[in-house]
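The structures come next, written out as structure tokens.
After this come two complexes, each holding subunit A, first together with subunit B and then together with subunit C.
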Partner chain A sequence: MNVQDRRRLLGPAAAKPMAFSNAIIDEQQKKPVNMPSKDSENGDELSLHTGFIENCNGSALVEARNLRHQTSLITAVYGPRSIRGSFTSQGTISIQLKNGLLEKYNTNELKEVSGFLMGIFNSVVNLSRYPKSGIDIFVYLTYDKNLQSEAPAGESQSKKTFSEISYLIPHCITSITLALADAGIEIVDMAGAGEANGTVVSFIKNGEEIVGVWKDEGNNEDLLESVDDCKEQYRRYRDLMISCLLEQKSLDTSSS
Partner chain B sequence: MMSNLQFPKTAYPGKLICPQYSTENKDGEDIIFNYVCGSGTKLLHFEHNGRSIEAITATLVGTVKCEEEKNIDKEEEPEADQSTEEEQSVDASSSDVIKRIVKFIRVSVVPGGDDDCRTNKCANNDFANNLPKEGDIVLTRVTRLSLQRANVEILAVEDKPSPIDSGVGSNGMGIVAAGGGSGAATFSVSQASSDLGETFRGIIRSQDVRSTDRDRVKVIECFKPGDIVRAQVLSLGDGTNYYLTTARNDLGVVFARAANGAGGLMYATDWQMMTSPATGVTEKRKCAKPF
Partner chain C sequence: MAENTALETIEVHPITFPPDVLARISPELSLQRHLSLGIRPCLRRYEEFRDITIENNTLSRYVEKDSVDAKNNILGSNILKSGKTVVITSITGGIIEENSASIKDLDDFGEDELYEVTKEEDEIANYASIYPVVEVERGRVGACTDEEMTISQKLYDSVLHSRILPKKALKVKAGVRSVNEDGTFSVLYPDELENDALNETNLKMKRKWSYVLYAKIIVLSRTGPVFDLCWNSLMYALQNVKLPKAFIDERASDLRMTIRTRGRSATIRETYEILCDQTKSLPLMISSQNIAFAANYGVIELDPESQLQNPDNAQEEVDIDMDKSQCILIADLDTEAEEISIHSTISVIASSAGRYKQLTLVGAGAKITPEMIKRSLLLSKVRANDLSARVKK
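On to the complex of A and B.
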């Protein structure tokens, strides 16, 4: 003990200052699976990560960027958790969308989208396996920017902000599907969607079945053409999702 | 020889694994393979070239596993076509004496890699597909007693590691969406959370405690709050509770502390008595047969 300074409460002589190892951070940095892919035609870039949030049962991060738009969103899946009250023979899904740092979309708009997403995932998740339980899905928009909006100032601003959310919906669907697969919740197929002219069409079964259609203002003329465009995008996203999941799985096996 | 089909090794949601039936002719015998959905799969309807096909599809990411079903349910047999009985020989007119064998093969998708499965490590660790269902053995903790029943919370489903966290997040502090999340469909948020997280709950009615002398059961002489009880699921019950039973020798209290939790662990001495080795004190319980 230090004889000079008796006023302080000092630790034992052999005490060392406390330090946190950064081992945990290293592990977290290693875990995400990065799948950047580039579509040369319209500069589409997509990056998918899964299973990086410890606290929830499944999580996914989707970052997308093309010439017009850049966005990034995090999805967390909790459940199946017990729900009380009247008996439900099937699982119940709830989806909540949240503005991240930027308060870009108003609550009503986000609610509308989450209602739309709920409709899709009610038909995609194998709900009969989860009696008396609920599955809660949270989508958090961390970043969302229209890269084109500064240049053509002449266009009406209101119209732009209205249809902007339709860019977002396919990525929401991608990230929810990935997070559900990561959580090990049974889904009938990898649901995905594409966007064209303010129309979002969501598919399963290799584009044979449509599980959701979202129509915003935009060109109403050639809906069929939009559906084909959406289908093409859906196939690309689906292939990426599958390779991301399989890569993550093989990583998991090699580590254990 | 399991089947003539080449199964995919790994699967992801939406991957077609096999059709519902396949046939094979081997040494004059017709073998019909009937594929049954296991966990992680679902029988789905597909349209292909104008024909509709039923096929088993994966619903999880993982490794495909198939095993022959030995004890297929009896009631499944008559509803299929005439050749469903195992090894039924259909001695038709003359030449084409065909022996038909129907094999039931359960196809499932197990999360985890191929290596895990080979080393038998592939206990399905993933909680999501381990919800208690009828007939499952569960481990529970007694939370509340009344004259008619014991209320318990379900901790685990036996042989199938169940929700580490009951789906509330690993720290037991899961967030609930504004408006109650998925639970909002049926209940108000205020009544939901308990200190232990929102576990699945169950009820053991006094009639279901033991199989003999069941109308003279005193619940307080069978369970005490905090006891760990091994029970079987009778039914999914109502909205709040699973209905459980301990009316079997191997079901009942497995761990209990003496003096309402103040004393040490006790050991079962017979089916309705537990003893604390430290103090020698005995208490009444409905014990599970330890071995």
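On to the complex of A and C.
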């Protein structure tokens, strides 16, 4: 708690955040509760929505759930809006990742990811169409739950050699792409990504072009195999995105 | 016109705009035109509230009945959707050690002044509040806005003075963790023991703790004033807060040591960790009769000049009295047009049983009449009745 911040009501300085005792959870409680019924590791259940936030130009909600994680992300795109200062021939993109409710990831980690995402979307968004303007993208990690923590301790230790945040990145990319499409901002192609073994590879143009690679420590040997896995996931996510946007479009036309 | 005809004939065409363009150019006029038809730009009637949908406790650690989410520290949550606006409230907690002086400097926000005010009847000192941080998302980074600060402070004050959270409910009934002979740990809680004798000997602790509650309120898609949405969401979230049981280690339960500094001896009491139980929890005992819900109202003068003519009697030139203005009461303000053109507002926090917790009147424009205050109090009670019925579902 930052006691210097006098603009917010942060409570008494002497109070300590609740510390929970190290899990002395009974063995029988460790059995997976309410697990998704898919048996394949990559069997994500995805739910996509667009355009539900009023005071921004485009928004998207991505909810994903598989054996390992349950995640919900909200993305809001503000822009293109004019920037102050001297003329720029290209638009600029800024991406902010925000820790929503669970303060799970530290700021450095989130900054690193938003830097990576900025790299991707600088090449995906047709920036020369937006001179002297800025596009601000906010991603809120509303909910993120690690379902694997309920697995036996020894196993999860060996599997969790890479950071959990790499799992989130493909969904961030999906939701930003959807929100950009919802905002009507011109993009080169629908960007998407997949994750395998702590490696995230982002593609456009039906997997012909790679726009970003994220590598966490993990299994380094079969990188090419990971790329293929990622490509497969990218195709699935992209098809879902397209059908979501088409559905939204047909809804809009029927209502108006 | 006479000079103009001498030079050149100028034809003046009245410009017409489609309704959505007019709403952007002149929100006031658009609002007045709508009101003259008996509806508002959002197509609600004058005294119609937005419906809400709520989801309770879906984000908290106690979301599943038979297991807890160990990494989650949210004790209670609520998601409230009203119109287009979404409010996400999550309540987290902390623990503070109470010492004899702490009652006075526990709450640092104007607590001294409060003590002056309530010296005679020290009733309010028995109640605590929650520390809210409101974030209204509007696509900007940086310091919090005035609105966020004002709403946070108002929420804090209103919870305190509504007497919803008794300090008694926030007391930690700390248990003691002891190591058994076989090396396993077991925790004894004072409220779980039936044997009074055991209770006396084992759990006599001089130290006292109490819980501190924090609320994080995120407002997405703000379309109008949001204080009452934040308040209602906070009320729902508070009602499903569960406080984890807390314990300390046996050997630390009454530890003191004497040290000597510069020839003087002083007793230092060791500060130690108080830990919360992973699984066991108790519901927060709020005074439920004081749970109240907020509603806001605006008062606006109907401008006779911008009335739309009724096409049926347009020919017979209805003689509208231009001097006599009529004021109307509008419930649950929303949309930019209403927010910028309605300056006189009434804000009420009321419980379903008709206990009124707060009434704020801002008269900056149209005149607020006693009838309107009466009407808004009545509507608030009906609204609170409706909103409080949602919890049981």
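The working rule: the second predicted complex is superposed on the first by the 205 of 256 C-alpha atoms of A that agree within 3 Å, B and C clash if a C-alpha of one lies under 4 Å from a C-alpha of the other, contacts with A are read in each partner's own complex, and residues count from 1 in each chain.
Here, a residue touches a chain if its C-beta (ideal position, glycine included) is under 8 Å from a C-beta of that chain, and two chains touch if they have at least 3 such contacts.
As the structure is a prediction and not an experimental result, all values here were calculated from the model.
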Which superposed partner A:Cys56 touches (first subunit B, second subunit C, both, neither): both
Subunit B versus subunit C as contact partner of A:Asn108, first or second or both or neither: neither
Partner chain in contact with A:Ile74 - subunit B first, subunit C second, else both or neither: second
Contacts of A:Pro17 with subunit B and subunit C, given as first, second, both or neither: second
Which of subunit B and subunit C A:Gln96 touches, first, second, both or neither: both
Subunit B versus subunit C as contact partner of A:Val188, first or second or both or neither: first
Subunit B versus subunit C as contact partner of A:Asn146, first or second or both or neither: second
Subunit B versus subunit C as contact partner of A:Leu245, first or second or both or neither: first
Which superposed partner A:Phe138 touches (first subunit B, second subunit C, both, neither): both
On subunit A, the residue positions that both subunit B and subunit C contact, one per complex: 54-56, 78, 96, 136, 138
Touching residues (chain side subunit A, partner subunit C) in the complex: 7-21, 23-25, 29, 33-34, 52-56, 59, 74, 76, 78, 96, 100-102, 104, 136, 138, 140, 142-143, 145-146, 149-150
Of all residues in subunit A, those that touch subunit B in their complex: 54-57, 78-89, 91-94, 96, 126, 129-136, 138, 177, 181, 183-190, 204-205, 208, 242, 245-246, 249-250, 252-253, 256
Subunit C - residues contacting subunit A, complex: 59, 64, 66-67, 69-74, 77, 84-86, 88, 90, 92-97, 102, 105-109, 131-133, 137-139, 141, 143-144, 149, 152-153, 156, 177, 185, 212, 214, 216, 218, 220-223, 244, 246-247, 273-279
Complex interface listing, subunit B residues touching subunit A: 10, 12-14, 40, 42, 44, 46-47, 57, 59-62, 111-116, 126-129, 131, 133, 163, 165-171, 174-178, 181-187, 191-192, 198-201, 236-240
